[in-house]
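Shared between the two complexes below is chain A, which pairs with chain B and chain C, respectively.
Showing the complex of A and B:
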């Protein structure tokens, strides 16, 4: 009798606790996201693991001498330990070394360049700051292959690569660059470094802008030399941001595909992503192993990053008392530095656009005279009869292009709404339950999709969708896009929520305002621009995304980027260049409009 | 109860609809002897958008003309060979035009695509081209830039292995397009190795020393590939080699690219054209040739329309988008080659053709090839 009563008491206590637990919206949100993210990220990972032990149709079954679907170690043996014809060295070890070299170098370039510009903009009296600040995020907004394509078109010449034709630099200026400068390790690392430098600019710049000036001022009063202040005070403070940048750029560079294809293939410089793409078509099992290796590297760096940031000495960098940050007077160096920076930015952000416009006008490659130019590739008709190449109309008159643009925009908006809203909710949950195990899990899980190479992420979802009949077309694309871009949104969501003091919501809570109303009426308006930035970044990324969607985009509805890839592969360069320009203009317009209307911007999205 | 019954009936209807989709193979087998009119009648009775996908970009033009002729809503896409199989696994496509016979045989065996030879054109398609049905043949030829003093007008393919040809040959990477790999695998066959041995003797005046290479084909591959540069696409290679600044270069690419407006085709000469005009032969081959096959997809929603479209592209009218320029040869022998081009019979004698069975049995040559792509 007593036992039953104790049992009842225990039960009602548990019930009470559960009730209390579930009455907090943050808990429900975290639980829902824990389940959803486990299904959406760990399930693909598990199916990836299974694929590495499974025999697939075609050559794989023949080579493994096993029936399709059988269990096998064959793929592992091939990737890691096949000496015949140097197979493992060619397919795995050499590309791995190249990948590591490129990823580390691009991370260093991004940190140095982005960090330096961030320092110049926030801590000095540099001229043309507004321009630098506005244009610096351009390379990130543009598709990554943009710069690669431009690099090749601009610098190629008859002494290097295919050794057949001259680009603009050689034919117009008579300057012939050496091969190492145009193709292979150096340009791949540089282009990726420049493309991801905005990460460094935003993350490091954010800290430099908000840091307590008293630390530096104290050192100045003690007559510490300027270089020593930077070395002993400024650098240690920005170290965590530098490490975060390293993680982001390393993971992104590792899975970059189009840049190594454009700048590596002509000189037979291969990286893991290019090998993986090639294997994905013929030896799927081996391709998935390579994906696994790439993910492992990402996770390792993520863990290292967490270890370093957790063990670092705690600096209180943002205080209420800090006065004006002292700005270094660049004196006579100001104008030269500013001019050099503006020139670099023009080269990286503006000249490529001009080049694309030019390349979309010329008929025969390499001839930039007026007589060889036409607007046909934009607004021409009957082109299949006249030019015998590509589509029958220019891109602006081609209904397929408009349909693809509509589909791309629809997809981008959908992904941004789902990812952005999820990001805010995750941010709310994590901030409210800060430090709890549940919050940590959800926070880590929501970052995980970032470490999965886009191409592989798409491939895994494709494999999954073949077993789920309703998961096709737009729904599949939207789901994949939303999950993949969630890290951006959840990051900005968490940061925005952490900045909010709990009291703000408590006031509303006491007066009995329901949760959704508190979110809509209190929290959202305060952090509006940060939240909207969390929507903007997935949208911009989605508009210019190729690798993620290339395998899963339905044949009946292409998006602009896959269309561009098809044109490029067919060698219809002018149509390709015109579409590329169209994508960039649309993305810049979206970014600009959202920025002007709401104050949201990419830098707030990344930096929080 | 009524609701339950309605649900049960709906479920039964759904289930009964599944076998109908799965039986495309039976439908195609039963339609083997259908006349054109019968095919039209059955195709027009089908509903939904007709979806075609192909490795050739001109499938779109053909599909649009077909749609207009029969008043059918159509959707056509241009995809790469291996992408098509990935798409077939996840999407409903009615008909495909695809290259790489070896992979295709595997796909037919796996029941992913179904072979269909229209009764109305059967008599005009040679027996060896009926399974799988070859819609057309495409040739990739040695084509050189004819400017300057050092024109690589080759008479023997062993000339391409000479150190003086280093970085003067442009090809598309064999790992980027399987037909290129198939061509290299074919060279290791008995037939082509023997021909290469003879050609070597004709070139050097002495018997070939194979060293560690198993065949003359292996030796040629090992000495040819290091001299090559790899272009992005055949159009890109054609454009690059046709430049005035590209004198002394030679490529191995699709002949039909000479039609492209961005290519300076006057600067290019196919080695076989020169050989035929001047009465010599390029020993032992002047390039290679592969079929593009027309297949019904096993997950077709409109199998009869797919068969009607295959019949259509096998006629002169349906072949027009390809036949209007050089470098495309119909599998239907009644359709002649484009004026000014050499007939298919000449190409069959002078080019390396795919043997899907041999390629499937010797796919490990790919590993051998890969080491020379580094």
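Showing the complex of A and C:
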């Protein structure tokens, strides 16, 4: 009798506790996302792991002499330990070394360039600051291949690479650049470094801007020479941001695909991502192993990053009252530095656009005279009869282009709505249950897609979707895009929520405002610009994404980026350049319209 | 001995005038407070003397050396002015231990290691933070951080020490304690202290002279008690003292240094300590709360509006026929709210000209 009673009490206690747990929206959100993210990230990972032990159709089955679907160690043996014809060296170790070399160099370039500009803008009286800070994020907003393509079209010549035609440098100025300058390690690292320099600029600049000026003034009063202040005070305080930047740029460079394809493949300079793409067509199992290696690197980097940011030297940046820190007077160096910087930015951000425009106008490659130019590739008709290549109309009159643009925009908006909203919800849940195991899990899982190389992510989902009949076409693209860009959105969501004190919501809770209304009427309006940034970044990224979608885009409906690739592959250079310009203009337009209208900006979600 | 002289110093941020034509003579070994509400220009003044801010006009000299002269284009860098600066938020370097924070300035002076270690330990001992030597600032409480900041500032033995609201981030009890120690420190270090605060109590209790500012303009520069008893204008009278001074509007009828003042229904006689000259008839009478005396022998009656007893004293708000008055009664007394009491002015009051807001005279007040 007694026992059943205590049993009953226990049961009702548990029931009460469960009820209390489920009555908090944060818990339900976290639980839902835990399940969804497990399915969407861990399941693909698991299936990836399975693939590395499975024999696939085609060449692979023949080479392994095993039936399709059988279990095998063959892929591992091939990738890691085959000395015949230097197979493992060529397919794995050399690309790995190349990847590491490129990634390290590009990280260093990004930090040096981005960090230096951040310092100049926040700490000195540099001229043209407004222009510099406005244009500096361009390279990140534009597709990463933009600079690569520009580099190639500008410097290529008939002596090197594919030896097809002369670029502007050779045909206009008569200068033939050496191969190492145009293709391979140097330009890949440089272009990636420049593309990710805005990461460094935003992360390091953010710290510098919020850094308490008193910290430097205290050193000044204690008679510290200027250089020693920078070396002993400023740099150490920025160090965690620099390390974070290094790791993030490293991870991003490692999984970059389009840049090494444009600048590496013509001279057979391979990195892991390009090797993986090649293998994907022939030896899938080996390709998946390389994906696995890349993911392992990513996870290691994430863990390192977390270790770096959690140290006992806590870098709380309480802002002092002296907002107007005395800026370093660059004196006579000001104008030269400013002008050099502006020239570099013009070269990186504006000249490529002009080049694409030019390239889309000329009829015969390499001839940049006015007589060789036409607007036909944009608005011409009956082109197929006059030219021996391309579509019959210019791209602006081509319904296929408009359809692809519509499809791209639709996809971008869908992904941004799903990823952005999920990001806010994840942010809410994680911030509310800060420090709990559940929150940590969801937070890590939501960042995980960031570590998956886009191409591999697409490949895995392709493999996964073949088993699920309803998952294809637009639905598949939207799902892949949303999951892949969730990290950006959840980052800005968590940050925005952490800034909000709990009391703000509690004040509404106490007067009985329901949860959805608290979100919509209280929380969202307060952190509007941060949240909208969480929508903007997936949208912009989606618009310019190629490698993520290239494997899963349905043949009936192309998006702009895959269309660009098709045109490039067919050698329709002018159409390709025109579409490229179209993509860039649309992306920039979307970015700046949203930025002007809502104050959302890409800076707020970058990098993590 | 360092003496600081400011002549015609102004600071403008665009059109906004932060400090307007300031003249100040800070004697050596004094403890000066720059006092005023936020945005009055006190911090800007301090930062200009330290060299962290560049004045728009004027000259500043420290210890006989001109450190800034707008006309002659002299502007000595802060690290060449031989001063110490204590920041409101301490500005401890988060990536250095307590020891490293304190030693940093000494390294700049190229002291040898042994001497640095000795000096740091001396300071750690003096400020009773020896046990935290190897900790990082994030691992210290506010009060401990404050001590480290003081140690760091004192380490090179500056002859002039600037402090920018150094106690405002501490809790009330700790603040009390640090005040005592700062005063002691001032004596022990034998240097000139310039201290910025918005807390009049801090200014009263700590300084040898107070410089009170408002809207970038110097209002009065005097020893604290003189400022309390004989404020230059309505602003100073109102700012100094807690509970605040009573201002009673009235009209005055002059007879030499005597005046008959009508305060609502109350007629009072004011005997000034010097001849009075007024621009008009309208005056404001300033009466400190401790000079309103509540007793059965009081000449007038008032209703108790509210009381705030602290044990040591009780602040009583009175409604004297429409005039609200604040009185302080010492000791543990209390009055029921809405009860009737009798009160009187106990002599001292300050007469202000209503039109100019300026102090006209100090004198004795007697209800007729």
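FYI, the second predicted complex is superposed on the first by the 588 of 608 C-alpha atoms of A that agree within 3 Å, B and C clash if a C-alpha of one lies under 4 Å from a C-alpha of the other, contacts with A are read in each partner's own complex, and residues count from 1 in each chain.
FYI, contacts are C-beta pairs under 8 Å (C-beta built on N, C-alpha and C of every residue); 3 or more make two chains touch, one makes a residue touch a chain.
What you see is a predicted model, and the numbers here were worked out from it, not measured in a lab.
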Query raised in the report: Of the two partner chains, chain B (first) and chain C (second), which one does A:59 touch, if any: first, second, both, or neither?
Result: first
Report task. Could you say whether A:232 touches chain B, chain C, both of them, or neither, answering first, second, both or neither? Result -> second
Query raised in the report: Looking at the overlay, does A:554 come into contact with chain B only (first), chain C only (second), both, or neither?
Result: first
**Report entry** Partner chain in contact with A:217 - chain B first, chain C second, else both or neither
**Finding:** second
Report summary line: In this superposition, the partner of chain A with more touched residues, chain B or chain C, is B
**Report entry** chain C contact footprint on chain A (complex, rising order)
**Finding:** 212, 214-215, 217-225, 228, 232-233, 236-237, 239, 312-316, 318, 320-322, 324, 326
Report summary line: Given the complex, residues on chain C that touch chain A span 43, 47, 50, 52-54, 77-80, 83-85, 87-89, 91, 93-95, 104-105, 108-109, 136, 138-139, 152-153, 155-156, 164
Requested in this report: Sort out for me which residues of chain A touch chain B in the complex.
Outcome: 57-59, 62-63, 68, 84-87, 90-91, 94, 158, 161-166, 265-266, 268, 278, 281-282, 363-366, 384, 386-389, 462, 465-466, 472, 551-552, 554-556, 558, 566, 568-574
Query raised in the report: Can you name the residues of chain B that touch chain A in the complex?
Result: 49, 51, 53, 57, 61, 75, 77-80, 82-83, 86-87, 89-91, 93, 103, 106, 110, 167, 170, 173, 175-176, 178, 229-236, 238-241, 243, 245-246, 249, 257, 259-264, 325, 360, 363-364, 367-368, 370-371, 373-374
